[in-house]
Each structure stands twice: as structure tokens, then as C-alpha cells.
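Common to both upcoming complexes is chain A, partnered first by chain B, then by chain C.
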Partner chain A sequence: MGRSPFAADLIAVGLFAAVVLTMPVWIVWIGGYEALATKIVIWAVFALGFDILLGFTGYLSFGHAAFFGTAAYTTGLCLKHLSADILPAFFITGGVSLVVAFVIGLLTLRRSGIYFSILTLAFAEMLHAAALSILQAYTGGDNGLTMHTKPELLGIRMEGLNVFYLAAIVAILGFFAARQIKRSPFGLMLRAIKENAMRLEYTGVNVWAYKMAAYMISAMYASLAGFLMVVLEPYVATKFLHWSTSGEVVIMSVIGGVNTLIGPMIGAAFMLYFENVIQAFIGEQWRLVLGLVFVLIVIFLPGGFVDGFNRIRRAVGLGGRERHHNVPDAPAPVRENRGDRAARQPGE
Partner chain B sequence: MSGSLVNALTLQVITGLQLGAIYALIALGLTLIFGTLGVVNFAHGALYILASYAAVLVAGHTNFVLAVVLVPVFLFLVGIVMERGLIRFFYDRPHTDQILVTFGLAIVIQEALKWAFGANNIPFPLPPWGNGVVFLHEYLPFLEGFVVFPKWRLILVGVSLLVVVGLFLLLQFTTFGLTVRAGMREPDMMRFLGVDVTKRFAVVFGLGALIAGVAGVFGGPITQVSPEVGMAILVPSFLVVVIGGMGSLPGALVAALILGLALSFSAEYAAVQQIVVYLIAVVVLLVRPRGLMGKKGVFE
Partner chain C sequence: MPGKLIIPAATRRRILKTGTALGGLALAPLGFVRGAWAEEGPLGTFPVKGDTVKFGFCVPQTGAYADEGADELRAYQLAVKHLNEGGGVLETLKPSKLTGQGVLGKKVDYVTGDTQTNPDAARTAAQRMIERDGVIMFSGGSSSAVAIAQQYLAQEKSVVFMCALTHSNDTTGKDRRRYGFRHFFNAYMSGVALGPILAEDYGKDRRAYHLTADYTWGHTQYDSMKQATEKQGWTTVNNIMTPLGSTDYSQFLTAVLNSDADVLVLNHYGKDMVNSLTQASQFGMRDIDKNGKKMQIVVPLYSELMAKGAGDNIEGVLGTANFNEKLDDAGSQAFIKTFTDEYGFPPSQAAHTAYVQTLLYANACETAGTFYPPEVIKALEGFECEGIGPGKALYRAEDHQNFHDILVVKGKAPSERKDQYDLLEIVKHVPRAEIEYPADTFPGELGPYKPA
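Right, the complex of A and B next:
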């Protein structure tokens, strides 16, 4: 490993960019189509942000649809009433999402573990219920938010491959940023929260501020995805706020491999490919099959596809990486003691 | 007070009881399982709707009384199989894994039901003895004029009360109940005393599923029978558990009652009714984070 970490980042991001930017070409070879590539990239951004929260800090949010959906509705309303240009929508959506993330974070981050999952689920469902009831006049209620706008960016129509390249640039920059975060002292602090938040607190670290920062960064990725989704198809479905959207990003992250950054994005690609291409072969039961795949992975391969890939590499003697834990320099006895399980939640 | 006001209040209180009853039953099972095994069962709503489907099948082929007997027993067995076959391997794994596996199970159950019975609502005919209305003014002399309430909804309230009383007797007056209560209070001390807590509590998981089964049989005709209902009913039930205090049985009952009444009294303002449950949860969390009757130190 003579490379500097930054060079390693550049190589990884470069490879990632090459795969993503050529996706509209190669996805057709495996039975996909152009718009599917765009959707995959958008969901990959969503899942990538989710990994910054779940993978780094260990906080399992069941309510990330709140940010995806709020951003989608905000973008939709801006495009519909303000301007067909996506730039004003971009900035307004960013502002609104920051506020929403901060408020929900204030309410939910006082808790960890199970409690956090339940609360995030509940507040996302509250927004879903509100969109269908008291905010119905703005959101269009059950029908979703419909519009005739054709989004554009500085005069360029945003459709087809234009949207794809916009999303791809966001994903590549997002991936680069996430790798930088992971390697930074800030990222190490987040991973220390997963390992032992209480000990961190005792050493005088303001754990809450770090958690809030991670939560908001993660929410911003989700908002970007929601924004791009509406740019791709100028329509907002109520499903964007529904728990099933939160559930989908959880499933993607877990089957791909939590805490690997690339894993959740592979999970997103797998899931959308499954939904749009494999469905043609196995029919309406694809959700059942996907659910079973998810359960099996949770039981037998908690590290997801990425860990599976590494296990195969180790088995054939290519020396794939062990499923790594959070603190890189834990002494050997600690690592043995810990076995293959992550740290327990503090205070339970 | 004018007579019509008394009438309206009485009706709203009874409606509140009825709305709270289903949440109470599901929340009791959730909090019982959480309190003893430390597992949050995201598949509990799926168990509820599984019971409703089973009840439709059994009642359709034989009669309703048989469904009342068989379905909870079936759910008890499902609960035991779930715990022994899957959940017990997750006690040593992180909490997030427990949530993930039960969430996955909920999806599998939901999608399997969708596959077998279709995504739409299927009819759940009431038995002849449960149809019609009850003339409340014949029983409650302070009511004026003519006041009626659907009979089935009263039966649901009655059955829920029976389940609650039964659970109370079981926990308060049997050795098994004593063990469970001790385990909910001091699981570590139980282990020090040589009681294999998790093994002993497999049956608690079955009990929680059984209660969800009872709720599914009697609640199915009211909440409708379609695969999505499971998750839709799980979220408010979680809130009931959180508001009442994780692992507190009386807390769950009180919270279910509060939510039921809040839903019933806000029904005139349909828009607000959808989110009143969440607003209450926000207030409780801000004022009293451990929930109304939560144990000190648990998730505080």
C-alpha cells in the first residue's frame, strides 16, 4: 500500500465515474434502458447518503423518505409555480430540507437504537399523513403533485441523457465527498459513535453535534435524490413520503453492504434492476422474492454483497478484505473478543 | 348540561375506546415482547393481518366461533416458530439486525398474502350475532332519546377488555407470570439466579402473537383485510408503546386509551385527525422522554 490515501480516493472515484458514465451504454446490453440508468444513479445517491448515517454512526433511520419526499414536493412546487428552471428549485429545496432535517433530528436524535428507528419511522409517517390531509391543497393529496412543466437548466431542456449526466455528476461528487468524510477526523468520530458513544461522551466530545451533522449530511443526500427524481419525471407521488420508500433504501443498503459506501449503491442498482428487468420473468411476485433475498442476507450475510464478494475472494486465495469494523486500530484480543458482531448500543 | 351534549360525549368516549382497543392489543404484544426479550418486532402488524386472513378463511369454511378459537392458537404457534426458528439467533446480534430481520419478515408475510389473496381488500362478513346495532339508551339511562352504536364495535371493546384482564391475571397470579414480571424488571438478576431468561420467554413471543391474533379476528372487519393494513396499523401501535413507555404494560393501555379518545374527539376536524396521534407523541417525547409509565433509565 504505497499509495497515499488521497490517490487511492482518486483511483476509486475515477473507476466509479467510468462505470457510472458509461451506464446508459452497458445497461442496454443487460436488458435495461436509459431511464432506468438515471433512476439507478438517483437512488444510488439516496443510498450513499443513507450509508453515511447507518454505516458510520450505526443509527438505523426508518424515516429517510421524509427527506426524499419533502425535497420532491418542494422541487415540484417550485417548478410548478415559480420557474421551470431547476436552479431556484435546487436552492429552495436545499434550504427547506436543512430545516426539516434539523427539526426531525432534534426530536429523534435524543434516542439511539430501536427507539431512534421507531421515532424516525413515526415522523416520516406524520409528514406522509400531513401531505394527504392538512397540506392536501398544496400537495394534490392522493393524486400526487401533477404539473405540465418541462424542467430546464439555464435554457437547456432537462430530459433524457441530460438528466442522467446531471445525476451522474451529483453521484460522482457525492461519492468523492463521502470518501473524504470517511477518511477525515470527522468521519472517524462518527465511526467512534457507533463503537462506543458513551465512552466518547466521557472524553468530552459533543457526541450530539456529531450525530446531528451526520444526520443532516445524510438527509441532504436524500434531498438531492428527491430533487433529481422530480427533475427526471415532473410528478410527485405520495409514495415518495411513504414508509415503503424508507424501507427500500434500508433494503438497498443492507443487501449491498452497510459501511462500504459502494455497497448501498450496488444494492440500489440491484433492486431497481430486479424491479424493472427481472420482474418481466418472475411477474408480480418479485417483491416476495426480494423480501426473501433481504431476509436471507440479513441472516447469513450481514455484510451484504460486498462482504460476499470478499469472502469469495478469500476462499479462492486472492486475499479479499475481512468485513472491517469501525475502529481500525483495535488490539487483537479486542478484535477476537468482538467476533463478527458490531458494538452493542450503549446503556442497554 | 343539555341532553344532546351528553349523548355526543358518550358516543365519542365509546368510539375512542373502540379505536384504542385494537392499538392496545397490538401494543400490549409489542411491549410484552420488548420488555422480556428486548426485541422490537416489526412483523407484529403482519401477524395481525395474517390473523385477519386466517379468520376470513376459517369463518368462511366453517363458522366464526371456530375462527375465534383456532386463529389465536394458530398465531401462538406461528409466534413460537418465529422465535425458535429465527428470532433467537438474533439475541446476540446488534439491535439494528433484529429490526432488519423482523422488517424483512413483515415484507415477506405481506407479499405472500398479496400473492395468495390479491392486493385488494377482501370482504370479512360479520357473523349473524355480531351484526346490527345496540340501543345504548336502553342501558344508559342518562342518555336522551335514541342512541345507537354498531354491535360489532362494542364486542371488540368487550373482547379487548377480556384479553387485558386475562393477561393481568396470568401475569399477576401465576408462577409463569411472576417469572415474566421479574424478567421484565431485572433480566440480569434473573440470569444471575440461574434462570435461562431467553429460553423461558420463547413462550412470551407466542403470547404476544396470540394477542395480535385475537386483535386480527375481531379487528379485521373494522380495519379491513388487505395486505397493507399490517404496516399501517403497526406505526400507531409503535407510538402507543413509545408514549406509554417502552416495556410498560399499563403504560401501553393508558396510551392506547389516550390515542383512541384523541382520534375520536378530533374526528370533526378530519384533516387534523390524521396527525393528532403524532402531535401527542411529539409532546410526550419532549416533556417526558421515557414515556408516561416508562421505567427510569430505559431509553431515557
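Right, the complex of A and C next:
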């Protein structure tokens, strides 16, 4: 393609912005409603950040609820006790999340693979248990953190569409930043970690620092989502810290398509749409149906929705991209060496 | 502050009403409607557009309380049917303005949602109903944590929430909200009703061990039961908080067996109670002696659905209930009969409270002559009626708690049962006067009628 990468980014982000900003309009056509649109965008931010860690470095964190939940509680406590303005809450939440991410990262990033997943899960569960026990006086325990506050931003009441546009702007900027990261030398390093961390280490690169940076960026996306969640609804549920929240974001990423940035966001939209709109049609058995959908996607479409979309494009001869299991844009000779199917089909 | 804001509005309204009433008898009904519209701007999901009005029913379809949720939903559907077509408790409720032809001339329709026994999911479901479906009122349970979270949402959105199955003192205590109403009784009443009977049946020198579901309801029920039993001379040995939705209680039950307690109090509900009671029986707790006395199990909040789940283990177990299908007053009978005709089995107390709440809300709309939430709330506050259960029921204005007679019940032995639904016997009918308490027993604030 003749376009410069930056122009491609602008087009992609522009398209994304167009879809997101008009969401309150089109979601109503398909049986949704405004607050659902806001929730979808918030979860999209969460899933997007998750893909920076999972998609780029291949580190599967099973404890991202720790950041989502901690941010939500911090924001909630700030709004409840400090000020109804969301700006102080924003900065305090940012600070707290950085510290939490750094500490958990410090302790978990020494391991990789399943050990890393289990460690992150353990930390998230510890925070969840703490919120329900020793911190119950502050978190409200199982009741969740309830408050009478009506959040505002510089005097503007944050409700309805105001929250939506705030979340949408965060999502669009977040998407733009993620694409920049993906294309940058830093992003290349992250993908090199996924390919072979040990080899990278031997070339003298401080792998740990890169992993830590990716982990913290990802955690900040999760925190932003947690923050927005409380701005949308001044209420914090203990579920925000629960492992099922971590699990949900993993599932969203997988059904959307890991390492595609847009995929996990589509996954988030699908999950929330299913849980809130389709659920009402199915009734009691909706979880069963949702489980079935996951199974079908993982078996027949391991690359998620994005892979499905590309398969359709290829089928109709538009030349969609093949699914890359590892380094996404490795040069052709590398792919040839590895025996990628894409490289073996020059005629395509 | 709120008081200052409200009084002039009320006065203005009264003048307006008086004026319209003087306007002429023939035009009076029309005048009321117009007068109402002139003052009442859009608020929450008001005004109701079109010729149907929608209610939202948010019940647990999954999770520890799913059985209760399913029964609530059946009751809601029956309530809607009766509101539209007449019948059931509409014929016994007094005073009543219900016509059996919808509410305020509009046909009643409903939407449903799954709370998943989880406050966050419940709020999401309720929000969908409010924003997309424009429900004028939503109702549901169970789990007090869910009810409280929804009550706050109700206040935020200015849409009335009629609590169904929620037994925590907090719901109408520290977390009471102007837009939330509860017909169901609470843990405090259970304690007051159950205390004397426990002392009578089991003696005054018992040592109790509590296992408690770890959330608002469990906490307040433990407090209330501790207070009520200690008043009778009992000693509280210990309490363990168990996570909501636990399936294995053996570690907690072992601790109970190893202690010197001779009574086990299960502050559990739904599937939690079915599991903990069944496992306690498997541990032999129904047949052993402690401190020279037979060990006893108490389940302060009892329901037919739990009794069914726990099977023969309920024999002789005491507890309290809001309603029982053997009640013979006209109101209860009207409900029990129509419910049984419709579904083929008798209703649970969850169904009863869900049904009654829907009717009471609809009646308040008719009484107020409008769906405008502040007026409907005022119509419910202090509303006293009969014909929905035994005796008279009062919605106390100060905390939105309904006061009515409650029951102490006991599990029946398999040999005494007439059919598969005949599980509980009524030990005592506790009159309303005995369980009433001052509104400031639990400090809390209702909040404003209208958002500032």
C-alpha cells in the first residue's frame, strides 16, 4: 500500500471515531439504549488496554479487575468524600492506579506464562477479599459503595450523553495511542518479547523494563475504564474487583480477536449487547447460549470476529489479511522461514 | 432544607386542587388531570406516552436466589393480568381505586430483566428498563444488596422502585430512599417475633452459634437475632460470615461442632440455606446432644421454596415468614386461589410480596390521579389498607417500611404432610402491634421527592 503508516492510522482512527460517536444513534436501532452505548465504550477502553499487554507481549493477565476495581473504588471514594467534580478524582485515581500497577507488576512480571496469570489472579483476588473484609468500612462490602453524589466536570453535570462523549473521547484517544504504540520501536520490542523474550534478553535489551512499561500502560487503560464506570453511575459494585471481571475482558479479547486492537473492542460490544439486549429474548438460559457462542467461536474462528471478517473478505476476493499467530508484521523472508501460509501463497 | 422546598409546592397544589374542585362537578375529573399536567413537568420516565404503561420486573433468574426469582416473576405476571382484567386481590383490597381495566386508563405492560443476584447486573438491567423501555416503576429482588443498589438507582433516576424480597434492616433503615418502598418484613421483626418462641421451646440458657451470609441482609439479621436471643437469656458463642452463594459449608459446620454451642442459627437464604441446612443434617446436628440438651437448628427467615429444597431436613426447624399459603383471610385466599389456578401450585412468600407491591403501586397511581412520581410516593406514604393479607397493613411514611402481621413457622415432619407443598405449619400469628418499632431505631434519610 502506498499510504504512509501515519495516514493509515488517521484513517483507521477516523473511521473508529465515526462509528463510536454515532453509537447513541445507531444502538437504538438495534434495540440498545444510551447507557448501554456508554458502557460499551468504557469496556472497549478496558479491552483495548488489555490487548496492549496480551496482544503485544503475549502476557495473559488474569487479574486486570484489580486495576478496574481499584480505580472504581478510588474514584467512588473521591466523589463521595472529596468533591463531586471528577477532576480531583481523575488525578488521584491515576496516581493510585500507577502505584498499584507498579507494585503488582514488580511482583508478578518475574514470571511468565501460566505462573504470571495465576499470580495476577491471586493479587486481584486478594484485593477483592480485602474489599469485602478488612476494607468493608470504606468499600461498603457486598452492598457496594453507594453514594448520593452527582458527578460533574467543571460545573457540567456528568450524566447521559455527557458521560458518553467523555468516554468516547477517551476511547478514540486511547485507540490512537495504542496504534502509535503498535507501530513504534517500543511496540516492536513488545512484540519481540512475545516472539522470544530470552533471545531478546541475550541481545542486551532490558526486557523486564519493557514488560513493566506495557503492563503499566495496560493497567492505566483499565483504570481509566474503572474511573469512567463510576462517573457514569456513582456506584461501585464489588464485582468490579471480582475475577469474573478479569475473565470477561479475556473472553472479550478472545472472541474479538487478540492482537488486533479493534477486535477486543468489538468483543466488548458483543458481550454487553448480548448480556443486555439479547438476554431479554432468551430468558433464563441466556448464559448457556452465550457459552455456546464462545465455544463455537473458539473452535471455528480462533482469530475471533476480526479473523472472521478477514476470512469473508478473502472469500469474496478482497484480500483480507491472514491471521498471524505471532509477530504480526514480520518481513516476508521471516515468514517464509517460519513457513507461514501467507508467505506460501504468492498469488493471493 | 428539603422541607422548605416541598411545603410551598404542596400548598400550591392544594390551592390548585381546591380551585379545580370548585370549578364544577361535571368537569371535575377532567380538571384534575389537566391540573396535574399543568404543574408536573417531565421527571424520570414521566410522562407516560401512548395508551400502555410499562412496569419493569427485575428478578434473579440465575444465582443463589433463582428459585425465588422465578416465583416472583409468576406473581408479577399475575398482578399485571389482574390489573388489566380484574380479579384476585383487586376484589379484597380496601380502600382501593383499582378498576381492573389497567391503571389510569392505560393498559399495563411489562418488561423483565435478570439481576443475577448481583447488584451491578441488577442496576444494569434496571437501567435498560428505564432508558430503553421507559418503565414508570420497577420492582424486584431478591437479595438486599441488590434491592439497596436499585433503590439508589431509583432515586438517581426518579423512578419508583417497589422492593420485593429484601429482609435486611438497611433497606428501610440506613439505606432507605424516597423512591423505594418495602412491603416485606425485616430481620428486626423476625428477631422480635422469634425470640420468645425460641426461649419457650428450647429454654433460656441456650448457647447459639451463627453462620451468616456475608452481605447486608446477613449482617443485620445476625445483629437482630443476637439481640433478640440474648434478651431471652441466650449466649452467642460465635458467628462466621460465609460468602453468598457458597456450596460447601463443611469447614464452618466443623467449627460449630467443635464449639460448645447447642443451637445453630443459619442466617442464610435461598440455595445457601438449602445447602447449609442439608449439610448440617449430614453432620448429624439434628440428632446429637450438646450440654445435655438436644442440638437445635434455627432458620430465622424461612420460605416454602427453601423448605422444598431442604426436604426432610426441615422437620421441627423454626423460623419466620411474611406469608404462608395456609393463611385463611380473604386477601390471602384471593391471591392463593388465583395463583394456584394459574400455575397449578401455591405461591411462595416471594410471590406474595411481589404481587402485592405491584398492586399497591398501581393503586397509589389511581389514588394520586397521576403517574407523576412525587405524587404517587405521597399517596403511598402513610397508606393503610386491608385485604392483601391478614390484618391491616400500613406503609409508614418515615421509612417506607410496611407493617403487617407476620408468622412464626415450623418445618413439618414428612409423616404430617398432606401433599408435596404442605411443608410448613404456622406456629404463631404475630400481630403487627408486637413487631412495630420507632422509625428512628435505624437512622437514615429518605432524600428529596424531586432531584435538586
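Just so we're on the same page, the second predicted complex is superposed on the first by the 324 of 348 C-alpha atoms of A that agree within 3 Å, B and C clash if a C-alpha of one lies under 4 Å from a C-alpha of the other, contacts with A are read in each partner's own complex, and residues count from 1 in each chain.
Quick note on the criterion: a contact is a pair of C-beta atoms (placed from the backbone, for glycine too) under 8 Å apart; a residue touches a chain by one contact, two chains touch by 3 or more.
Not measured: the values here are computed from a predicted model.
S.K.: Following the overlay on chain A, give me a clash-or-fit verdict for chain B and chain C.
M.R.: Clash - chain B and chain C, as placed by superposing on chain A, overlap.
S.K.: On chain A, which partner's contacts cover more residues, chain B's or chain C's?
M.R.: Of the two chains, more chain A residues are contacted by B.
S.K.: Just to be sure I read the superposition right, which of the two partners does A:L132 touch: chain B = first, chain C = second, or both, or neither?
M.R.: both
S.K.: May I ask you to decide whether A:N276 touches chain B, chain C, both, or neither, giving the answer as first, second, both or neither?
M.R.: second
S.K.: Counting only touches as set out at the top, which of chain B and chain C does A:E233 meet: first, second, both, neither?
M.R.: Only chain C; A:E233 stays clear of chain B.
S.K.: Looking at A:G32, would you say it contacts chain B, chain C, both, or neither? Reply first, second, both or neither.
M.R.: second
S.K.: Identify the partner contact of A:P88: answer first if only chain B is touched, second if only chain C is, both if each is, neither if none is.
M.R.: neither
S.K.: Pick one for A:G308: touches chain B only (first), chain C only (second), both, or neither.
M.R.: A:G308: touches no partner chain.
S.K.: Looking at the overlay, what does A:R287 touch: chain B (first), chain C (second), both, or neither?
M.R.: both
S.K.: Which chain A residues lie in the overlap of the chain B contact set and the chain C contact set?
M.R.: 132, 284, 287
S.K.: Applying the document's contact rule, which stretches of chain C touch chain A when the two form their complex?
M.R.: Residue list for chain C touching chain A: 61-62, 66, 70, 111-114, 118-121, 123-125, 127-128, 131-132, 144-145, 148-149, 152-153, 155-156, 170, 175, 214-216, 243-244, 447.
S.K.: Which residues of chain A touch chain C once you look at their complex with the stated criterion?
M.R.: Going through chain A, the ones touching chain C are 28, 31-36, 39, 132, 141-144, 146-148, 150, 233-235, 237, 239-240, 275-277, 279-280, 283-284, 286-287.
S.K.: Can you list the residues on chain B that touch chain A in the complex?
M.R.: 34, 38, 40, 86, 89, 92-101, 103-105, 107-108, 110-112, 114-115, 231, 235, 238-239, 241-242, 246, 270-275, 278, 281-282, 285-286, 289, 297, 299
S.K.: Contact residues on chain A for chain B in the complex?
M.R.: 54, 58, 60, 62, 107, 110-111, 113-115, 117-119, 121-123, 125-126, 129-130, 132-134, 136, 243, 247, 250-251, 254, 284-285, 287-288, 290-292, 294-295, 298-299, 302, 341-345, 347-348
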